[in-house]
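Labels run A, B, C, D and E following the written order; every chain starts at residue 1.
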Amino acid sequence: MLINCVVYQEGKKLSDIPVEEISRWVERPDCFVWVALRDASDEELATMQREFGLHDLAVEDASHGQQRPKVEEYADQLFVVMHTVELDALDQLRVGEVDVFVGRNFVLSVRNRSRHSLLGVRERAEREPHLLRHGAGFVLYALLDAVVDRYFPIIDLMESELEALEAQIFEPGSARTNVQQLYALKQRIMAVRHTVTPLLEAVAKLWSGRVPAVCEGNREYFRDVYDHLLRIHASLDSLRDTIGTAIQVNLSMVTIEESEITKQLAAWAGIFAAATAFAGIWGMNFEHMPELKWQYGYPLALGTIVLTCVLLYRRFKKVGWL
Amino acid sequence: MLINCVVYQEGKKLSDIPVEEISRWVERPDCFVWVALRDASDEELATMQREFGLHDLAVEDASHGQQRPKVEEYADQLFVVMHTVELDALDQLRVGEVDVFVGRNFVLSVRNRSRHSLLGVRERAEREPHLLRHGAGFVLYALLDAVVDRYFPIIDLMESELEALEAQIFEPGSARTNVQQLYALKQRIMAVRHTVTPLLEAVAKLWSGRVPAVCEGNREYFRDVYDHLLRIHASLDSLRDTIGTAIQVNLSMVTIEESEITKQLAAWAGIFAAATAFAGIWGMNFEHMPELKWQYGYPLALGTIVLTCVLLYRRFKKVGWL
Amino acid sequence: MLINCVVYQEGKKLSDIPVEEISRWVERPDCFVWVALRDASDEELATMQREFGLHDLAVEDASHGQQRPKVEEYADQLFVVMHTVELDALDQLRVGEVDVFVGRNFVLSVRNRSRHSLLGVRERAEREPHLLRHGAGFVLYALLDAVVDRYFPIIDLMESELEALEAQIFEPGSARTNVQQLYALKQRIMAVRHTVTPLLEAVAKLWSGRVPAVCEGNREYFRDVYDHLLRIHASLDSLRDTIGTAIQVNLSMVTIEESEITKQLAAWAGIFAAATAFAGIWGMNFEHMPELKWQYGYPLALGTIVLTCVLLYRRFKKVGWL
Amino acid sequence: MLINCVVYQEGKKLSDIPVEEISRWVERPDCFVWVALRDASDEELATMQREFGLHDLAVEDASHGQQRPKVEEYADQLFVVMHTVELDALDQLRVGEVDVFVGRNFVLSVRNRSRHSLLGVRERAEREPHLLRHGAGFVLYALLDAVVDRYFPIIDLMESELEALEAQIFEPGSARTNVQQLYALKQRIMAVRHTVTPLLEAVAKLWSGRVPAVCEGNREYFRDVYDHLLRIHASLDSLRDTIGTAIQVNLSMVTIEESEITKQLAAWAGIFAAATAFAGIWGMNFEHMPELKWQYGYPLALGTIVLTCVLLYRRFKKVGWL
Amino acid sequence: MLINCVVYQEGKKLSDIPVEEISRWVERPDCFVWVALRDASDEELATMQREFGLHDLAVEDASHGQQRPKVEEYADQLFVVMHTVELDALDQLRVGEVDVFVGRNFVLSVRNRSRHSLLGVRERAEREPHLLRHGAGFVLYALLDAVVDRYFPIIDLMESELEALEAQIFEPGSARTNVQQLYALKQRIMAVRHTVTPLLEAVAKLWSGRVPAVCEGNREYFRDVYDHLLRIHASLDSLRDTIGTAIQVNLSMVTIEESEITKQLAAWAGIFAAATAFAGIWGMNFEHMPELKWQYGYPLALGTIVLTCVLLYRRFKKVGWL
């Protein structure tokens, strides 16, 4: 679906144009065209390919979707794939895709499977004509920046989730849900990581070493995006590492808890076994068991049993089994 | 076994030719020859070596089979080894091999131990003469692309298998089969990885940096294959990492389950031990045990025992042992 | 908040100047201006940007805070971000930030969320005019050196903490607190690591390979800071590795302890079960149990029971279960 | 001990020569001398050093033995160390060493602590004069190839051993021997790895980048050896990774087994405890226990006990504890 | 403390000289001065700095001590830090430091916290004037070689210690000490590693790529030291890896042992519980229990109990629980 199709001159909006006139405007060196599509159909992509002269393979990738984030040069054009990450109503991660075709004087963005619109990017850019004058390269930066900025709240969320889990680990009795939640969190972190790592590598090509002509004047801006991605990447690595340790520590806590229960089990088993053994002995049917006939035999027996139990109890208490 | 032996001119099929005429056609700079063999015998390979002027070591590798995926340059010829991966009737992974010799104006492909034919590649190529006109390099791309595309369903299958296993991990009682299946899946992932990783490294040489002359005009196509391999590679890494965590988590679940059983064991042992101790005491044979003579001694005793058990039961229930 | 704003000539302090005159002094090639801010407001930063001609993106980073440690070149200016690490009253790690803008003849440092002042750096520098004469590059070195030197006591503290924990691991009964403390220590180490690793990479750019003009004359000094960071980095890696092993070993110790308790449980259970079985047998109500009528039946029975228990006890003692 | 000392011309054997004449023949540019020693004494090495003009450090290394596999250039000479790997009568790994000195027109090989002779290499080389004509570089290739080819059966053996172990892991009761055998296998794999990895790095220097003059004409042959080493290396990595998982899985299986036994223990303990509690109650000595006087009290009691036990048994069966 | 201060010419000792004359001799291009200090005071270092013209930062490092092993170039001088490793009387690792300043025609070595003297190096060097003639670079090599050679016995010792531990792992009952010793050994290995790894990196700069002028003529000698360090490094890596596995295996063995004890516990508990249950039943006080009145009731009962126990025992024996 077409969202916008606008021509800019000197950083200022000239007018909305119909799709068929794109190729005519693109020829003019002093203008640039910025088109935005959403969940584009194959026909729309075909039209765009004709109007902008896009490369077969790039269009094919955009139409298939499900690409890795990447930056590819086709002669003097760039094809950029980014992933968007959003939480849906059920707190599930949803990965969308933004494909951007950049030429000397045009930008075509295609947004797929993502609810967040990128309209804000255009508005902000139109408000700053001195920046928009930098042309297609600057628009690419603005789109990248917008996508990357939306990773931060996701990371923050995952970090607070992990902190909450860390507090739970050392409380007895929640091991099962801890493991489940740690596992689920790890899966989510890995998903975001597969979005960030390749984009990081891709963006590096836009500011360091030989840089595509269209980005040349905006190196510092792309380095800034790169720096944000690096920060996100470091946070993800740290999250991943911490979860690994947390799973290990959770297992330790389970084992420690089990060991404590085994101690209690052993202690109580000992106490009761002693009582039962005494009772068993005085329950034997020998004829000549003088103590059975004593006036105070029974209370003495009870006293012996209780005393033994108390002594055992205190001993186990002392060694920390109870 | 010979499958095809065809001469092309300007991207169009000229004619099938007998094997002995190959060398005559290869000399003509305006044509190119595309030969396909299957499970080739040493004699067939020797004939091909003579006709195309292949290098000793390359032919030796093709005849031995069991090579790592690789791309090797011999003067102006390329020798490419790829592995095919298929599931047989019993869902076992079977690794086959496709060896491709590429020269300035010929392609020779040898398929070994693989059921999937590559005929489709030739048909599609012949339908697009404007691409086939790019010559031997394009055919190599088409073969690579066909082999790599067949990795995707295998990856998808392994991903759904893992998802099914993940659901099982958190259900009690299936730990044993989980471990077995996770282990088997990991083995399969490693097998596919040994197919993909070296091919990834090899294909990189076909589009970045200094590129063999025969691939020069098709860089963007090889980059596309490379990109697919990178995606597969990332999926495999992610699968491997997840399986590692899953095995660890499965062990955690077993330990947690054991710990819960130990708790139940301890609780019930405590309850019965208390009952038995009481019964043992009143089973002693002392003469002077007044309560034994009481009218309601027995029901009182039973009541005491039951009460103790109930109290213990509720206490254990409260601390979560039962 | 402004702390200092001083002009230097030939390495000697000329005078404090008001903020508005900065741009006038910066124009003079024979002087350099060194300004220090603390928890700067956006207006202060805006003033500084005007006076020194700083780059938009750098000022934005300084105003947002929470950057990764880094060194960025903007034309002939440098923007350096470092993290300070301090322990607060509760022994919690607090990470602050020092942002430094360096130009051909000025240095602007902005300290955020950190209690340690950097005044000592200025004092020491002013005491050594022959070094301060090296200009802005030397001041950058002095600031870096001051920040990095404060990492060492933190590392030392964490190392002694780990040593104390190591001694505890092999003592029975403290597994639970060990795990908790090891986990907390690991978290702290990771936090410091995220401060050190990026700074290490950043400082490398100041002495090896192509070096920013402003640092050119002080390469050996930056290499020295780099070397300190490398040492800290190695210590952190070693700490991290050791903690990993310590967590693993702690788990081993818990398992070993549990295994020993299980042995004792089994041994005592065996001894009491034997006693109880004997008592049970002689407590049966058969009419024809001749030993029940013997004169010394009871002491013999008691003797048998005690003997059995002693024999079992010694046997368990021998195999190390008790 | 001297094994051979032969002069070749144009790839053909000229004659065996005495050791003292070596230096005279080495001077002739159209010949080359190939000497083979076995477990050479220091005097033999000194003679060789004199005759061939070998470097002090290289000779020292050869005389000490126990070097890492490596390729070192001394001016226009090469010093190559390879390790041989053999299984002795007791299936123990034995690591031997082959040191090769290569000059423009000579090869000196010294074999240490290895039973496999390298005579076959010379025979095969002499049968192919067109290859032997390539001179010293080709002989080095042939020796490398022979040593590397002997790694394959060792790898195969270790792979089948691991497969056998994998089958055992999932069978209960063999955990102890499994661990022992996995550990021993891992040790063996590490030993072979220490032989292969440095050789891999060393051989890379013989075909890629700047190549020693003596190997220049044989690049493709060295690349072939390199490729074999890469394959072996990948197999070893795979073996190592699999053993790591196998040890982990084995531990999982032990824990699972233990957990199953704990379940059975708990279940049977419960059943017997119930029976014992009932018997204990009816074994109490209260005077007024009417059921004791019933005609069918005893069978009813037995029935109750058996019924309780059966009910418990079925319940435990149902939840999978028995 | 000054140990030696000697001038050499053409590789031969000229004479001992007083410290104050050093600068006069260093000016002469045909001589070189070799000074050795031990646990040097700051004044001694200041004197040396004056005489040899050493760089501030290098002298500061030498006076602080506790540097990482490294090689630093200051203009045409080299500053080299190495660590010595020794075992003290209590078998504790002690790390000392040797700092070497190397100029075009002087060497200054400072040995700190190390008992092993380096006198042997000077003696051996003086015995070989043809090597000593290579000058300062050769002396640096000789010192490096001496320090590195002393790592080998430490490595050997740790390897035999590990082998002894490996044998213990599979013997039951020593798990606790095993873990403790493995942990201690790992700590020691890490300490040596922190000595070796940075030195390895540092020495690489002395023979590969651009090499400091003073080492230029001795490349092959430094490569030899590098090679030794590489061997040590590989051994340490192997040790570390093996210890990791050994700790894991030790935990497996503990778990296996515990599982075996649990089996025995369960088996004996079952046997005794059966006996006790029978005895309990015949100890009930029902009036109508005909078997109690039988002539051979008691022996029959005993027989039944024993038989049951024997049957259970054999059954447990068969399934391997006893």
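Keep in mind that, in the parts below, a residue touches a chain if its C-beta (ideal position, glycine included) is under 8 Å from a C-beta of that chain, and two chains touch if they have at least 3 such contacts.
This structure is a prediction, so every number in the text was calculated from the model and none was measured.
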{"item": "Interface residue identity across copies chain A, chain B - same or different by half", "value": "different"}
{"item": "Between chain D and chain A, distance of the C-alpha-averaged centres to the nearest whole Å", "value": "40"}
{"item": "Between chain E and chain C, distance of the C-alpha-averaged centres to the nearest whole Å", "value": "25"}
{"item": "Multi-partner residues of chain A (each touching 2 or more other chains)", "value": "248, 251, 255, 258, 262, 265, 269, 273, 276, 280, 283-285, 289"}
{"item": "Chain contact graph, described as a line, ring, star, complete graph or other shape", "value": "ring"}
{"item": "Circular arrangement of chains, read from chain A onward through chain C", "value": "A, C, E, D, B"}
{"item": "Interface residues, chain E side, partner chain D - complex", "value": "166, 169-170, 220-221, 223-224, 227, 230-231, 234, 238, 241-242, 245-246, 248-249, 251-253, 255-256, 258-259, 262-263, 265-266, 269-270, 273-274, 276-277, 280-281, 283-289, 320-321"}
{"item": "Complex interface listing, chain E residues touching chain C", "value": "55, 57, 61, 67-68, 70, 72, 74, 173, 175-176, 179-180, 183, 186-187, 190, 194, 198, 244, 247-248, 250-251, 254-255, 257-258, 261-262, 264-265, 268-269, 272-273, 275-276, 279-280, 282-285, 289, 291-298, 301-302, 305"}
